[in-house]
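After the structure tokens below, expect a handful of questions from me.
We just call them A, B, C and D in the order they show up, numbering each chain from 1.
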Amino acid sequence: MNTWIYIAIFIFLSLFFPTLLAVAGWFLGPRRPNPIKEDTYECGLETVGETWVQFKIQYYLFALVFLVFDVELVFLYPWAVAYHKLPLYAVGEGVLFIALLAAALIYAWRKGALEWS
Amino acid sequence: MIPLNWYLLVSAALFALGLFGVLSRKNAVAILMGVELMLNAVNINLLAFWRYRAPTEATGLAFAVIVFAVAAAEVAVGLALFIAVYRRFKSVAADEINLLKW
Amino acid sequence: MTVMQIVFLITAVVTLFAAFRVVTTPNMVHAALWLIVTLFGAAVFYALLQANFLAVAQVVVYIGAIAILMMFVIMLTRREMRDRGPQTGKQWPWAAVIAAAFFGGLVWLGQQAALPAAPKADVPKDSIAQLGQALVSPNGFVIPFEVASVLLLAALIGAVYLAWTRHQS
Amino acid sequence: MGILSQPVGAIAAWLQALLEGWGLAPGLTKVILYLIGAGLVATLVQVWVIFLIWFERKIIGRFQDRLGPNRVGPYGLLQPFADLIKIITKEVILPAKADKAVYLLGPIVMNAGVLAIWAVIPLMPMVGMDTNIAALYTIAVGAFATLGILMSGWASNNKFALVSAIRTVAQMVAYEVPTVLALLVPVLLAGTMSLHGIVKAQHVWFVIFAPLAFLIYFIASVAEVGRTPFDLLEAESEIVAGFHIEYSGMVFAIFYVADFLHAFTIGALAAVLFLGGWRGPGAEAFPLLGVVYLWIKAFAVYFLVVWARGSLPRVRIDQMMDFSWKFLTPLALILLVVAAVLDHFVIGLGVWGRALSHLAANAVVAWLVLQYLEHYDRARARQRPMVAQPGQYPEARPPAPVETSPETAS
């Protein structure tokens, strides 16, 4: 439990420091707002329409492959920690797991999901 | 020490909120968020029982990790479905997608 | 009332409030951000339960990947930044009734069982190594372990197939 | 327990006795001690950034044949303070269309995601929290940095900011996969996720066990931070300045600080995971030396990052994505399998035997990869010759006749 207390304190502090900076900037800096200054910055042009967001499907696919990898890696970490206590066939099971992961990567690659354009 | 039923209460409340989200939301992504809440409630429940009943075995942990995998698979396929639906109907509002309704 | 209990209550209040905002806020990106708060609250619960590995894995998987993926999809499937109109269907009172009834039923069920007030034993120091061994031991979870991998592979194939059409690009 | 062999332990024990002497409960004393410890580490690291900014500007200046800052103070050492004073007196502009709360939370979350990594870094023997999930914790905390970027990009309500944020996040998640995979190798070799345990297991530095994993970890981390050559998120010519266009004053400075801190943090992490952390002659007996060793190693890696920034051009986004998904990730998978299978057979060989067999395996993998790359390159060259073949391109058109307008003609 002690580690978590320390980590909680540390996370609290690491949120606190930047907040302090922001608050300092807020109070020490001048505040003279005007509509032009607060407008959306676009190299002097006025923005057209809403911040129209219609992204390429590509971004979703990258995030998707990432999600699958991330979850599988969560499985692999306990395996790696227990590694020295495992018999050879258990290591083989881990390798099979990695092979399935590689299969996922190869599928996404072949399908063209990893191409940018 | 925290009694076990506190955890159960919180997870029940979380599950009920997730259920409410699933039943009441229009946007399909929001419905999926409700499902995520329910899955998390289940995981809190699993780990609470693991901690109080069998902390020396890894069973509860293994269960929870597998719930992670299921949640990830569900999100991946669910969101892909929404994207496919969005492409077809230009909307992800669950009540507007009613081709199969009648 | 010990310190642990106070921490628990604060976490519970924050988590449930965030969960409430997830299901009620009309702005979808805000809903996703509140979802992240809820997920982080769940990670704190795992930490309180001394499931250290699960607490961190929760952050890695849910906040690092699932929430990001959801925000991507929200931004992908919407033409405007802000949502117009209510995001809750007309059926919401019924949904509230059902959810409340469900919650009541769960609470009632919880009252019936004799639940331990304190854990039987401490979590062993090497619980992660134990988990690792259990995941690959034939007497443990080797089948779910490999099936999880196959499941994720299938999910990836399905999702890529659904979302990706060549003529789109 | 002498002050030299256990400096922190001795001071902590003295403080604890002092505080308990004032009649505080032991639990509260512990919390206060933790607060002091965490506060010291966090402040030290945050203040260290001031030096890093000066160092990087100076070094980059030298790389570009300039002097770098040299006006304020000796060698320009006080330049960052001048910048600090300047930026503190700048206005913090809140864009009218921004989502105010998320807009302000974004940089804070991002900075916290970088700073919180230091909670688990073992600064010297016995210092820095020893937790059995530390390695994964560093990844988990990194998720918040990603989140902060997405939050600030979205909340700015600016097209460029949003596009940049989405791009950055795609880049960060792409390079997180090789990072996590490369991180698995030291975890596997040490058999623990505790960073203290990993340092203790490095009788021989893991960089000798797994040079390729170190390289992957280093490259992928640099890309995750978004340093040159992977700094597409702030490609000035394409997307104005990146996800922080709408930020100004001190709130912008938070991003700036987080950037430098992140670069140094990956240096520290690489030092801990692969370069032996606080290990060095005499570090066990005099833990304070351990901090010095760790700092030197972290600084060396940081210098590599700056060096890359000074010498490499920016890559294209499709090249960058391909590099992660099609090169680093498969290679990291192969290395993981090689390490896992090999270590099972060589574990009995003693430290150096094990290290050298891993090194040999790495060399074989590296050779095979180079062969494959060469083969791939040749195949591509055959498909698409670099020299234009006759008839490959249409005849160059003759230059269009210069039209003379009647005004100039007359």
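Everything that follows uses one rule, which is that a residue touches a chain if its C-beta (ideal position, glycine included) is under 8 Å from a C-beta of that chain, and two chains touch if they have at least 3 such contacts.
All values derive from a computational prediction rather than experimental measurement.
K.L.:
Report which of A-D and A-C is connected by more C-beta pairs in contact.
P.N.:
The greater number of contacts lies at A-D.
K.L.:
Using CA atom means as chain centres, which chain is nearest the centre of all the protein shown?
P.N.:
Taking the mean of all protein C-alpha atoms as reference, the closest chain is A.
K.L.:
Using Cα averages as centroids, what's the distance between chain A and chain D in whole Å?
P.N.:
14
K.L.:
Between chain A and chain C, what is the separation of their C-alpha centroids in Å?
P.N.:
Computed from C-alpha means, the inter-chain centre distance equals 17 Å.
K.L.:
Would you mind pulling out the distance in Å between where the CA atoms of chain B average out and where those of chain C do?
P.N.:
6
K.L.:
Once you find the CA centre of chain B and the CA centre of chain D, what distance in Å lies between them?
P.N.:
34
K.L.:
Which chain D residues sit where two or more other chains touch them?
P.N.:
131, 136-137, 157, 162, 166, 169, 173, 176, 191, 193
K.L.:
Pull out every residue in chain A that's touching 2 or more other chains.
P.N.:
In chain A, residues 3, 51-53, 55, 57-60, 63-68, 70-71, 74-75, 77-78, 80-83, 85, 94, 101, 108, 117 touch at least two other chains, as defined above.
K.L.:
Listing for chain B: what residues touch at least two other chains?
P.N.:
65, 68-69, 72, 75-76, 79-80, 83
K.L.:
Applying that definition of touch, give me each pair of chains that meets it.
P.N.:
Once each pair is checked, the touching ones are A-B, A-C, A-D, B-C, C-D.
K.L.:
Would you tell me which residues of chain D are touching chain C in their complex?
P.N.:
27, 102, 131-133, 136-137, 139-144, 146-147, 150-151, 154, 157, 162, 166, 169, 173, 176, 191, 193
K.L.:
Where on chain C is chain D touching in the complex?
P.N.:
3, 29-30, 33, 36, 52-53, 55-57, 59-60, 63-65, 67-68, 71-72, 75, 81, 125-126, 128-129
K.L.:
Flag every residue of chain C that touches chain A in the complex, lowest number first.
P.N.:
Chain C residues touching chain A: 47, 50, 52-53, 57, 60-61, 64-66, 68-69, 72-73, 75-76, 78-82, 128-133, 135-137, 142, 145-146, 148-150, 152-153, 155-157, 159-161, 163-164, 166, 168-169.
K.L.:
Quick one: which bits of chain C touch chain B in the complex? Just the residue numbers, please.
P.N.:
Touching chain B: residues 2, 4-5, 8, 12, 15-16, 19-20, 22-23, 28, 31-32, 35, 38-39, 42, 45-46, 48-51, 53-54, 57-58, 61-62, 65-66, 69-70, 73-74, 76-78, 83, 86-89, 91-92, 94-96, 98-100, 102-103, 106-107, 110, 115-124, 127, 130-131, 133-135, 140-141, 144, 148, 151-152, 154-156, 158-163, 168 of chain C.
K.L.:
Please output the residues of chain A touching chain B within their complex, sorted ascending.
P.N.:
By the definition above, chain A touches chain B via 57, 60, 64, 67-68, 70-71, 74-75, 78.
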